[in-house]
Amino acid sequence: MSDKRLQRPVRVLDSLPMLIVCIAVVSVLYAVCLLRIASNNAMRYMIQIFLYITMGQMWNLLSGFAGMTSLGQQLYIGLAGYSVAIATAKLHLTLGVGLVMSVAVSVVVALVLSLLLFRMEGMYFSIATWVVAEAFEKLFLSWKYVEQGSGLTIRVVPYPKIEEICAVSLTVCVMSIAVVYLLLRTRTGLGLTAMRDNLTAASAVGVNVFNHKLLVYVIAAAFTAVSAGIFFVNKGIVYPESGFGISWTVSMIFIVTIGGSGTVSGPITGAVIYVFLQELLAHYPGWSNIILGAITILVIFFLPKGIMGTLQEKLRFEIFSAKRFSFAKHK
Amino acid sequence: MSEALLDIENLSAGYGDFSAVNEVNMKVEKGQIISLIGLNGSGKTTLINTVAGLHRSSSGRVRFKDSDITNLSAEKIVSKGLSLVPQGGRCFNRMSVQDNLLMGSFPKAARKKSKETLCRVYELFPDLKEMRKRPAGTLSGGQRQMAAIGRALMACPDCLIFDEISLGLSPAVIKDIYRRIIKINQEENTSVILIEQDTQRALKASDSFYIMLKGKIVLSGKSSEIDSETLRKAYFGI
Amino acid sequence: MYFVQILVNGILLGSVYALLGVGMTMIFGIVKLTNLAHGEFVVLGAYLSTVLAPMLGVDPVVTLIITVPLMFLSGFLLQYFFIGKAMKKGAEPALLVTFGLSIILQDAMLMIFSADAQHIVASYSMSTIKIGELEISVLHLVLFAISVVSISTLTLFLRSTHTGRAIRATADDSDAAALSGVNVNRVYAIAMGIAMASAAVAGLCVGMKWTYYPSSGGGYLLISFVVVVIGGMGSVPGTMIAGVLFGLAQVIGGANYGLLISYVMLLAVLVIKPKGIFGK
């Protein structure tokens, strides 16, 4: 029976050697950016990957770890895009200030919305988050100050070099992974997982559900915002539809599902695959969503834990384990 | 030797790696009342849920009226004549009492004579007839159990299983329900399995008994022949 | 008079919004699944009628004779052989499968029907009738009639047939329904069939009232959500009332503020009664 499997412990690769490997990988990536080893084109992909990892990581933190499946993270993407645009084009501030502003705006909005959103659970929470994002889209569509539907240009002078954007994206990405990882390994992480598995039971054993949710929600808003801010610098213009559109959530769901929901390494894998797949599918216009959809469905049927989740189960190791103790998993 | 109506052979079932029911053997003859008693968590509910098709077995066999019903879906088992009154009754709360009863005669064979069966059920439970238009969710606990029993009877079963029918009810109501169960058994010649924690009551009502502990049958025999000391030891496993 | 005019238009249009919500609420209430592909089903229904009406040379409403059974059958098969299998893996996988379906359908329709705006035109699309000072669009009356007839038929079916009773029982307690002899997977498939059939009808209605694109599904999904959540998940009467409220908001707020008003309305309902007006 499965007894033999049970006795084999899960190897948790998060000790000193793992740390050294991580630092080495990150240093190499920084070197590739800053020393311009990679071509401009390669660097554009890297930026996209870093930013999608951050967004995926945050969506995973919400959905995979805390059980708050949001369909409305694009709210913070749109707010960030507009913050950067208003800061640079309207107020003539620097990009740095713009990014700080985007985080500040998102955190404030997240704090206010939490009062409303956290009254709901499960499905209702998901729908409400989406509705809020749509409401903001409608608001920006009819708001004269942000040029309504014709969009707002981002005017960054001097325009940052691509290697700078790349390095900043990498920093944000590394920070997001570190924050999620560290958060999960504190008592808070334990509380979050308990909440995801059974909300009532979690509050019964003394988990302050509201505070936990708030912490996660605000962190997710902040990181999603800053990565979106950088994204829009690259794009140069933000429209209500491009900022607050549901397609952002489509990407996040894809990245997390493919990579493996509830694992820290999942969104990293998922984001890399997503960016390359998008590039590949650009040659087959019209087919891209059909193929993304088919892949999602196939993964759900055949690799229900995503690529990293399944790999970890098969090979019995965990990178960036969220567990503070390593138990052999049942099943 | 005549074949038993329900014959459970070496049945095992569990949840993941945890085995809740371990190689259980049990026989129910036509017209018999059997009691299955045991502590909380001894595997009684998993056992009968597996028999009734709500849970999959990992090994073993269940035969009913000479056909193999192991791991058939619940709705197929019901149409063969084996009905389960689940724990707490599980009425359809938003539906009227009468609709609840009519749901019981959903299997094709039972549907044909649903009018007569409905009259018969109302005869057995006159209270239900009075309340037939009320949503089942507004009934009291005892009334809801009656509606659930009525619903199970609507399928014209040959064997009825009651999962802790007395749970949460007052002694007077329990007594009343038991009286009617025995009446059903005598008048329709329906075999009955009573799942109980209340040993005395179950033994008094049944012909023979099975005691379950930690997923296994630890003792069985004729209800009238057991002394309380042996029973207590088997029940608590001491 | 102006007030009455708004009220009448709101109610007439509200019936269409209610219809959009009915399919969603069926699936949520019975199958306990959030169907993210419902919007695409509606758009698919609209395309089917758009293509069939000129092909057969009939009034668009007549195409329902073909689209409703066709969509019912697709829904039944889809649930029985596909979504049902995903549901065995858990609630989230099933949700993601409907999500995958929605993006596949959207692009498939884009390839087949192109990105052009579509509109279903009937001979009475532009006509109005006057009752006193009240001016009522014939199209609105037709849409209202279609919606009322479909929703009443559905309600009657659920209330008084064996299958309808089995569906209600499954919605209440699927295990107990199975113990009463109901094939729950079949009931789920029938429910999905009904949801897709209702999407065919709703698709015809929205296609006659507004222009639509392959990408319109998301918008209709959101409207269905809003209507269903305001009314309370799984409640058909709640959905109808919410549909009318939504319709009134659209008529009062117009193109610019109609949706915004209804979103605020939804959020207000959720804050006051987190499970909708008729929710439990």
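Here the chain labels run A, B and C in written order, and each chain numbers its own residues starting at 1.
Just so it is clear, contacts are C-beta pairs under 8 Å (C-beta built on N, C-alpha and C of every residue); 3 or more make two chains touch, one makes a residue touch a chain.
Predicted, not measured: the structure shown is a model, and the values here were computed from it.
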- request: Give me the ID of the chain with the smallest distance between its Cα centroid and the all-protein Cα centroid.
  value: C
- prompt: Which pair, B-C or A-C, has more C-beta contacts?
  reply: A-C
Task: Starting from the mean Cα coordinates of chain A and chain B, work out the distance between those two points in Å.
output: 51
Field: Whole-Å separation of chain centres (CA-atom averages), chain B against chain C
entry: 42
Inter-centroid spacing, chain C versus chain A (mean Cα positions, whole Å): 32
Task: Mind pulling the residue numbers of chain C that touch at least two other chains?
output: none
Field: chain B-facing residues of chain C, complex
entry: 162, 165-166, 168-169, 171-173, 175-184
- line: In the complex, the residues of chain A that touch chain C are 69, 116, 119-121, 123-124, 126-128, 130-132, 134-135, 138-139, 142, 246, 250, 253, 257, 261, 286-290, 292-294, 296-297, 300-301, 304
Field: Residues of chain C touching chain A in the complex
entry: 28, 34, 85-86, 89-90, 92-93, 96-97, 99-104, 106-108, 110-111, 218, 222, 225-226, 229, 233, 256-257, 259-260, 263-264, 266-267, 270-271, 274-275
- request: Write out the stretch or stretches of chain B touching chain C in their complex.
  value: 52-54, 73-75, 78-79, 83-84, 86, 90-95, 99-100, 102-104, 106-107, 110-111, 151-152, 155
